[in-house]
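Which chain is which? They are A, B, C and D, in the order written, and residues in each are numbered from 1.
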């Protein structure tokens, strides 16, 4: 979607400066025993999936303020995703959401992606909204879906998930992410134990329909849209459920779905140890499920998460292969800019985690040399790996400065001419 | 809206039981030095305003699931409000929200209210949404309203607030509540100090237009819709702003707008001491601005708030006259039922606070007899004042059991026949 | 420890009033389909253990302000515990803490308890402090105990726990509660996965030494004394560990050991469903592990916990038999008064949970009649069960008004004459 | 305390590498329009005070695990502080705490400091502990100090603060920091409004005794040691109090004294705007008042605080001159190492804030170019300013690698031979 010549020309202007910064960093890392080329190669091999819904402007229950050129459908969205991948070379896959992205011709969708250089990651089902236009959805999810007291509603929700698997197969996905809004707003509204049992039973049915090699991701969340209790409210419930559902069930960690103060990197370690770490929805947050750009609020936390991931990989935990995906809501920025930036910040955390001197860290941990252990880890974070990230992009034909090239390209202006202005509002969901 | 005979007939069936419970409680309170009749009289004089928007089903950014018979406009809403007042005699006033409730004939609206036995409380402005249909609103509030960097947007927002005052005058209101969504989602997006200065300047302009006897309520909130910073984020900023804006400016406390763990009753005491406690938006919450039914999650906290209010009243703080309003979002219940229940729970907390033995409490506090002080306060809370609340309703011609009478009345079914089914959805504001 | 005649005389003066209140409540409950006598009987059978350390004045890292008559040793503590049981008949068991309560003659300790009418509950080990006076404790727990990197420290900690079991056997206990302070203060200090593995291995060794019929309670805590990470930080880790350790391992829930906003009653339901709910440390908190008196901050939460317990019992979950214990720190009250009050508040929550109309609740939950479900549950909480609690005490020979009788008895004054004034301070642990 | 030759020799070995890194950074910053020398000069002029109590090992209510060579008294502490300043040249002042640091010969103390190259910052009073050894402290602070219900206790607390001022004058301090533990553990224990009034009245008395040019710092804290309410619980109460107390009263911000999720940098902006920002107690925290090393948990937050400070300075707010002090508890590290590291991290945040391109930031903020505003700010944070910090130290004769020089010096081992082993424990304040 972005002219390669434009990228190349821009890179050419910045190449010398990048080379200088890169070489200086190479020397510094070399003194610290780190070969910069191995880090750069690892970053080049790294990718994080983009959520199809992330290229549209998000909103809150109070309002939504769309920007120019909002994508009208999945084909528009794919084009926006391709822009992100063209400029960052960090987002090779797109995660679809049904029914939002469902089209008659799913094979054609797959081809459209391929033509744009995009593959497809885990697909997402949706039983947190009603689907009034869909004759297969006559029943409402107002009081729950997979955990509903009415078996007919549960059955409808199971069938929707099964359909999502089918649709996902057609585009080459190999995982289904299930996030439900089921829960309660009042003490007494729901019976905790029974709701959980019903959820597990429904998910076992979905699990039974998984194709060979597929994974089933369970996404927990402490609250919202339910405000007193949520059926899968934390990683403990998620793990209990995954173990009960079956071997393909894995737990997905969204960084914004936890109680205040919770140590998320420790949860990552626990789920990895349990053999059930499925993957991530990356974003950042200050208060709740704020869905802000990855690394924008607490970049050290993001680094600490990747520290666990790199460590788990290094220890060779059996079956350790978490899926990485962005899941954000862009309310005040151009979504393409936010997703490019976020993908780079995720890669930054990964690069920083890679340069941790793990032999020293191990040694200091074993010896309870707290200060040196802490400094060994922190030193990787204070290192400015920007040149590594830029060099990795440049080597893959993407932009040294993706944001500048994107703005110069006029892409947003062009699509705004084609795509009609979206309606804002939000109207009274207060 | 509810047949008085229906209420009377239902009350007649429950009167004897109520009398028995009431008498038993009267005896018990008498032993504790409390005259039940004085409490009942105070409860009869108590009222809390109902928000016009509260009679519609709320929602989250994920979805909205409307119920049958959703009100179409302010006249429908007034009828629903009248049902609440008919059955509880606790909600004599309605709080309007503009532009949602704006009509050509505001005088007619006032008359409609009067005919239904309803008066009008503080009016609310709305600059957290765009008003695309309004030619006086050509500019977007996407990046702020009263604190926007662009003076033209600020001016538009000021004019909207001035219009709200004008509309409010026509229905006999005497206060304007200003809640803005202004803030930022990224560190760096906004300049904290300048945004605050612009807000104060805009509000000074609004203040300058207040009619004699009016109050201006500032509503603070820690986050949402802005997820990194909010211009009026807490009571400290609210008080600073109120003092800078002018003498009619007062701080409004919404129980769900605080950081986790915060001691809200202490904030009430502080604002009362500062002479700037404007009033309340009552609701309950477990996680954030959950907008759940008053007293449904932490009834003791609601009691502790009223303990401060009754105490402040007793000490005769100059100008102490806070406004009480419900502000909730009813996502899974019939809004009329939730508002009736919530009004009763607010009255319950008030009644409990009234039976605190304040002479003993004072004495134990002075003597640092911590245990007796705590028990003196707690004893009022553990007392079941249900008979007092029911008796107060019955004496005012309202229902001993409002919920049962409401359901038996068939009101919801009847309006559902008249009012068309509302569209649900929520569509992608994720 | 308290003269039975004194209690009887005091009760005699209050009997008529209690009878009047009790009868009035009986009539009301009867109308609601509840037989008060069955509730009273259940309350009479209910007991919660008192922690031996709870009868001393607690403190913070900043200071400790002892009161008069602080117990000098476990025998003094037992006497204080007997006062609590004499007056409330709700605390028949004492929970010991080693090495604090270790004496040469453990058989004598058992006899002392029996003579005072007291039995012994779960015993507690202590590896969060060093034991400089104990030759079996040459190594420091500064950097951990059961999860320490040094196998010698782990071995020392295991042996201490094995000793605790032995000591517990001598007094008739049948459970060991293990709470450790192990964790880290800096990112990088500890390797999360390895620390957990070491903990599990150590606990497996302890588990191997459990006598027939004993349980091993794992107590999780989100933070403090470690401020970045804790080895058993939440119920998820606790459950993972319990499952790895062995069948006798169960999870213990302390109400103050969770992240802000967490729904604790749901955790209770989950652990019950997993068959690993071991028991409770009751207390209350507003901010963290505040260790305040049970029910003093959020009494509705305590009720909701008991609602789960009564429900689990009713559903007949296999092996469901949680242990109940108070665990509080009394910094500004007479500990005896706080423990009496807390035991009564725990019993209050139990009694309220017993009068929930569960058939109606089930029905409303199944029908998604959210409002009636919520009201059915809440109605039990707003009921003033004070007369039931008082009657249960009176029938067991304890006091209708334990606090008044305690104060009139002069017990504190008497022991203050015998027991030397304790040193306060706190000195610099800031 | 540390041999200058040792420092110089170590620096000599690292100078070439530092120069290379510094030059590379200089080039990069130059391209970004930043003159590295101006940043280095500003860092050289920067200092943060060290708390005298910070050089001892801290602890929790559960235990304290002292390390070797704990300082016995203020003279030992001064030596430890001198080590920190010798090696970092970032901590030229020491903050004293009375009565802990009170000596007969305060003039001699001043001279000792001068001989070690140390001056004295704000002094701290202590009315959160009893002073049993002090005949001027016959009364207990168990139930409060400056806000106590008993005027005699308040008077005693006022006199202690007046004495602290006197002691501070002798060592050249010019500010008094007042942090009190006053508050309550139970709803009902304290009367919020009266306690606040008593506090203000007491502080007015202290304020009246301030010498010319002195400031009075009020330190707020949300909880601990009081667990239900605190008299000065947040910045709003602190500001209200400061305004009532007098012109020299200013608000001091401790980074760990806030509710979860609170935006502290915004509080900094508000207090600066109110002209009452007194200064800081720097530390870091994940859960509460964890008192961890500055920048160890959320380094981006520390940067954002300094971003406000640099911005306020640049805007030339009248009287803007906040005091900077560390206030931490070192439980598992050598306190000297933690304080050196923390001082450097504070300087790091300052240096990063200095390289923010403020002209661009202003422009993007005004234009609501959210992404570029955010990136402009963030780019300063991702920059590795380590070479600037090291160069600033080297130029002042301090160590390029303070930790390595400290360890090589054998200082801790030497003082451990002189200073007797400290007693650990913690004994039962649970």
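Assume contacts are C-beta pairs under 8 Å (C-beta built on N, C-alpha and C of every residue); 3 or more make two chains touch, one makes a residue touch a chain.
Composition by chain, UniProt nomenclature: A, B, C, D = L-rhamnose isomerase / sugar isomerase.
Only a predicted model underlies this, so the values are computations on that prediction, with no experimental measurement involved.
*Asks:* Name the chain whose C-alpha centroid is farthest from the C-alpha centroid of subunit D.
*Replies:* B
*Asks:* Contact counts by the stated rule: is the higher one at B-C or B-D?
*Replies:* B-D
*Asks:* Per the centroid of Cα atoms for each chain, what is the distance between subunit B and subunit D, given in Å?
*Replies:* 42
*Asks:* Among the residues of subunit A, which are close enough to touch at least two other chains?
*Replies:* Expected reply: 142-143, 184-187, 189, 222-223, 228, 260-261, 263, 286-287, 293, 296-297, 300, 332-333, 368, 370-371, 374-375, 378.
*Asks:* Which positions of subunit A touch subunit D when the two form their complex?
*Replies:* Touch list, subunit A to subunit D: 17, 20-21, 24-25, 27-28, 31, 260-261, 263, 286-287, 293, 296-301, 332-334, 337-338, 341, 348, 368, 370-372, 374-375, 378, 381-384, 386, 403.
*Asks:* Quick one: which bits of subunit B touch subunit D in the complex? Just the residue numbers, please.
*Replies:* Contact set of subunit B toward subunit D: 142-143, 149, 184-194, 196-197, 222-223, 228-229, 233-237, 239-240, 258-263, 265-267, 269-270, 272-274, 300, 304, 307-308, 311-312, 315, 361-362, 364-368, 370-371, 373-378.
*Asks:* What residues on subunit C touch subunit D, complex-wise?
*Replies:* Residue positions touching the partner: 53, 56, 58-65, 100, 128-130, 132, 140-143, 181, 184-187, 189, 222-225, 227-228, 260, 285-288, 290-293, 296-297, 329, 331-333, 423-430.
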